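Think of it as A, B, C and D in the order they're written, each chain with its own count starting at 1.
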Amino acid sequence: MSVELTSNSYGKSAIRLLKVERSNVDRVHVIRDLTVDIAMSGAFTDVHVVGDNSRVLPTDTMKNTVYALAREHHLGEREEFGALLAAHFLDASEAAERVEVTIAEHGWRRLEVNGRPHEHSFERGSAESRIAIVTAVRGRAVEVTAGIENLVILKSAQSAFRGYLKDRFTTLEETSDRILATAMSARWRYRTGEVAYGHAFDGARRRLIETFATHESASVQHTLYAMAAAVLDERADVEEVAITMPNKHHLLAKLAPFGLDNQNEVFVPTEEPYGLIQATVRRGD
Amino acid sequence: MSVELTSNSYGKSAIRLLKVERSNVDRVHVIRDLTVDIAMSGAFTDVHVVGDNSRVLPTDTMKNTVYALAREHHLGEREEFGALLAAHFLDASEAAERVEVTIAEHGWRRLEVNGRPHEHSFERGSAESRIAIVTAVRGRAVEVTAGIENLVILKSAQSAFRGYLKDRFTTLEETSDRILATAMSARWRYRTGEVAYGHAFDGARRRLIETFATHESASVQHTLYAMAAAVLDERADVEEVAITMPNKHHLLAKLAPFGLDNQNEVFVPTEEPYGLIQATVRRGD
Amino acid sequence: MSVELTSNSYGKSAIRLLKVERSNVDRVHVIRDLTVDIAMSGAFTDVHVVGDNSRVLPTDTMKNTVYALAREHHLGEREEFGALLAAHFLDASEAAERVEVTIAEHGWRRLEVNGRPHEHSFERGSAESRIAIVTAVRGRAVEVTAGIENLVILKSAQSAFRGYLKDRFTTLEETSDRILATAMSARWRYRTGEVAYGHAFDGARRRLIETFATHESASVQHTLYAMAAAVLDERADVEEVAITMPNKHHLLAKLAPFGLDNQNEVFVPTEEPYGLIQATVRRGD
Amino acid sequence: MSVELTSNSYGKSAIRLLKVERSNVDRVHVIRDLTVDIAMSGAFTDVHVVGDNSRVLPTDTMKNTVYALAREHHLGEREEFGALLAAHFLDASEAAERVEVTIAEHGWRRLEVNGRPHEHSFERGSAESRIAIVTAVRGRAVEVTAGIENLVILKSAQSAFRGYLKDRFTTLEETSDRILATAMSARWRYRTGEVAYGHAFDGARRRLIETFATHESASVQHTLYAMAAAVLDERADVEEVAITMPNKHHLLAKLAPFGLDNQNEVFVPTEEPYGLIQATVRRGD
């Protein structure tokens, strides 16, 4: 029998890093809380087939490198630290043809004391993570994708679901007023070249949120598409947007047996099952 | 052999409820997102020993009741809705001697559109829950406890750990400057009688946070105690405070092998193991 | 204002330990996979009130100690290793008045190769943990409790729920045939003195399982009580049994709208809400 | 600006289903515990762009359909029930061009009473799920993939990691004897046509496990490749195997500070960071 290795990838995942950045002029601290994943692929056939490790940069070394480079460099934008790491690993491993660095940043808010922001005390923010994915392929321009993971948003008006296909197994009632809730994941790919990453991220996120809030939704698909299109409209430096939105169903509590109406007031949030809606939208010609 | 039932409790847990409250004068929605647990105990020996269910109010009925009462009443403060539920269940079940209602409220922030808060769109807040526990024992005054669950806070200065006991197995180095991070859980019991629950909660939470931020910490125990004492100092209506603080260790990344120093800049956040510190503090005589 | 510390506890939680025990005569390995929690309380008022750490054995030292004692000793029964640790920490900390050591053991099954158990390869078992809790109070006999955490069991016959209290909010239908499923947690306290812990654990677990399987259940309470009583009946060395059983509801899928019956065939397993039933049973006089 | 929808998918995820199958001749029950995900894509541009739902089969209907078809049909092999569902949804939705059905089956073991398997009582097995993925594209032969998710396996011998690339950031020590542990995910694609799915699954799983156990491992990559190749060797009906193996690191506890050696006896299991190794292997020409 003949078998062949058709794809391979290895690396270190879930490298946790907190960096405290101190100002020189006051006592204000800034904290950066990142989870870094490194994945490499390339000419690693002999590693798999004959157990030859001579071209393998250990994943433990990758981990050490993340901490060391975080010490040697100002982190800057996630995309910049990601690009630094990707370039380093492409250098460090001759056999690697492709290095993908994914950075998720976790938010912290400054605590307030006597109504003023405190110098060095923080509260963890929501479960949202801000994502940068830098893909470096030997001999090609680096590709940069940004995104948001697990942004939980809900609108309690301007969401309908009507006029759909019905068959023997349909029991869902049409509604012109339902709760729309999701834990959005979005990824947007930047065009190659100079991008003001911080500014671009803020603009993209703002348009996602504002579109979600103000859209007259006929379905999750309808709103998801509008959100993606809004990012493309806002940011000329974005080429493609992919969004995933689970439909986190909120069921109307059934109160009729108790002689009570329920005019979209009392809902049962549910975890499973959930709808799952995904689409990719790109700039047309 | 003779055996006896020495304690019993039953009820429904994890009843999820989202209520949309609409203003009459504008189109602004308020959402309340609660998880309710009901637990009852009392004269239920025959349920256990001989399978006689005649005095058992089903937990399914408890669930229905929570949704129905949420429809019939303005929720108000968590403690008020909890007291309403506790009184109801004590009435509904003759055999019950004690009903404990626990309400956890999950935070949502209003989304902003064009810099202004939106009427009906929201973003999930942090993992912190705000807690009310109402305990109704037949023939006694109701006991009300409030609290906070899973408030993740971190300070990057003013935290030391020195001068501790050392033995054969001690390798920890003393430090006058470490990261102190925790996922705080706090419970404070109110004195019986009229309490302005919303105001009291805000005051207690503010003192917990401000004390954490500004305390010159010699240990987790030291800061935990100061936080509990601050609540008792702030709120004459609070009789006792219990706090649990896991010590979420942030280890200094070891960079010396790479010829780099690390002056409290680069840390490795860890999940396990963790220190676990608990104490209860009450008003003295 | 005067405040006082009314209780305190500190220690290290979630100390993860895997020990490989090798046979001298063949190449068979045995693995023990434990999570250890240490909690201490005692004369630690000054730690809290004035930040004096001179009597504090660091939780980091506790962690080191667990690994070192695991190296120096054969682990033996969980209860024995727990007792060793508890005694050690009571010695190591003059200020401690009470040490509680909790050990959870996670199961692994030996893999089979060509139908025979393999010497050193294993598959993780179910989510069940086997528990030992050793409580050492200075000057008193050690107290030993064993138990089971998260044993998920289900019976698809011999479970009814009928004849219960009904009120305005009751919609549940009586049933003489439902699914009973739970993630059982049990703790049983041994009488002081010599106990064959391994044998006792196996006997208690077997009676819990066999009683669950064969009981003609009128309610979760009814079966829970029978299970606890069966352990007391089996084991003269057990003084008290506490059991917690969430009722993991399996709802009959509603198929009538599709012209289909559903004679207890197709169910929807649900996670929330869930019933929560707890009771403690002890040997009577 | 012009934008275009380049890919889309929608469906219902996490449909939980438990079916009790009763024998006609004795009282033995068999339970099947499945999680089903349905995903559809096709000519749904108008749903996204203009909010026209007329061709949308609601995900709620998908859920109902899974329960109804589970009632109307013997479930049989996962792959067969998946194919039934996929064909149904392609029929039910004219606009769909592709339907993917993923079924994860969760294991239960029969409880023993007096040493004999009980008729209707079960214990949840490990966290491993058994997977079938059926992909139906209109006008093409159905594609069937089987697999295993989250099989946690460990070997405490015959695993080395030596001879790797070293650079400035390498601190890892070479070892000829380490613990190799993973939570394996595997997927293997069957050739089109008649396959004895149950038999094929058992054979593939057995070879994965036996190869893991007996392989003289030079690295995770080395063992992963051997496992995939073994499946291709065993099963002529398998065309391609993809395996993902996180390297769940077990660190040697550092006992030298206490004057103790540690000859691969006492380990610290860690959750993060972890190595992540993936590869796909297919039959060559």
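Operating definition for what follows: contacts are C-beta pairs under 8 Å (C-beta built on N, C-alpha and C of every residue); 3 or more make two chains touch, one makes a residue touch a chain.
No experiment lies behind these values; they were computed from the predicted model shown.
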item: Centroid-based (C-alpha) most distant chain relative to subunit A; value: C
item: Chain pair, A-C or A-B, that carries the greater number of C-beta contacts; value: A-B
item: Rounded Å distance, subunit A centre to subunit B centre (Cα mean); value: 29
item: Computed distance of Cα centres, subunit C from subunit A, in Å; value: 38
item: Rounded Å distance between subunit B and subunit C, as computed from the means of their C-alpha atoms; value: 24
item: Contacts with two or more other chains, residues of subunit B listed in rising order; value: 16, 64, 68, 169, 171, 257-258, 271-272
item: Subunit D residues touching subunit B - in the complex, by the definition given at the top; value: 168-169, 171, 257-258, 271-272
item: Residue ranges of subunit D touching subunit C (in the complex, touch as defined); value: 16-22, 27, 29, 31, 33, 64, 67-68, 70-72, 108, 111-114, 118-127, 151-158, 179, 209-210, 212-214, 250, 253, 255, 257-258, 260, 262, 264-270
item: Subunit A contact footprint on subunit D (complex, rising order); value: 1-16, 37, 39, 44, 47-61, 63-65, 68, 92-93, 161-167, 169-172, 217-222, 224-225, 228-229, 232-233, 240, 246-247, 271-285
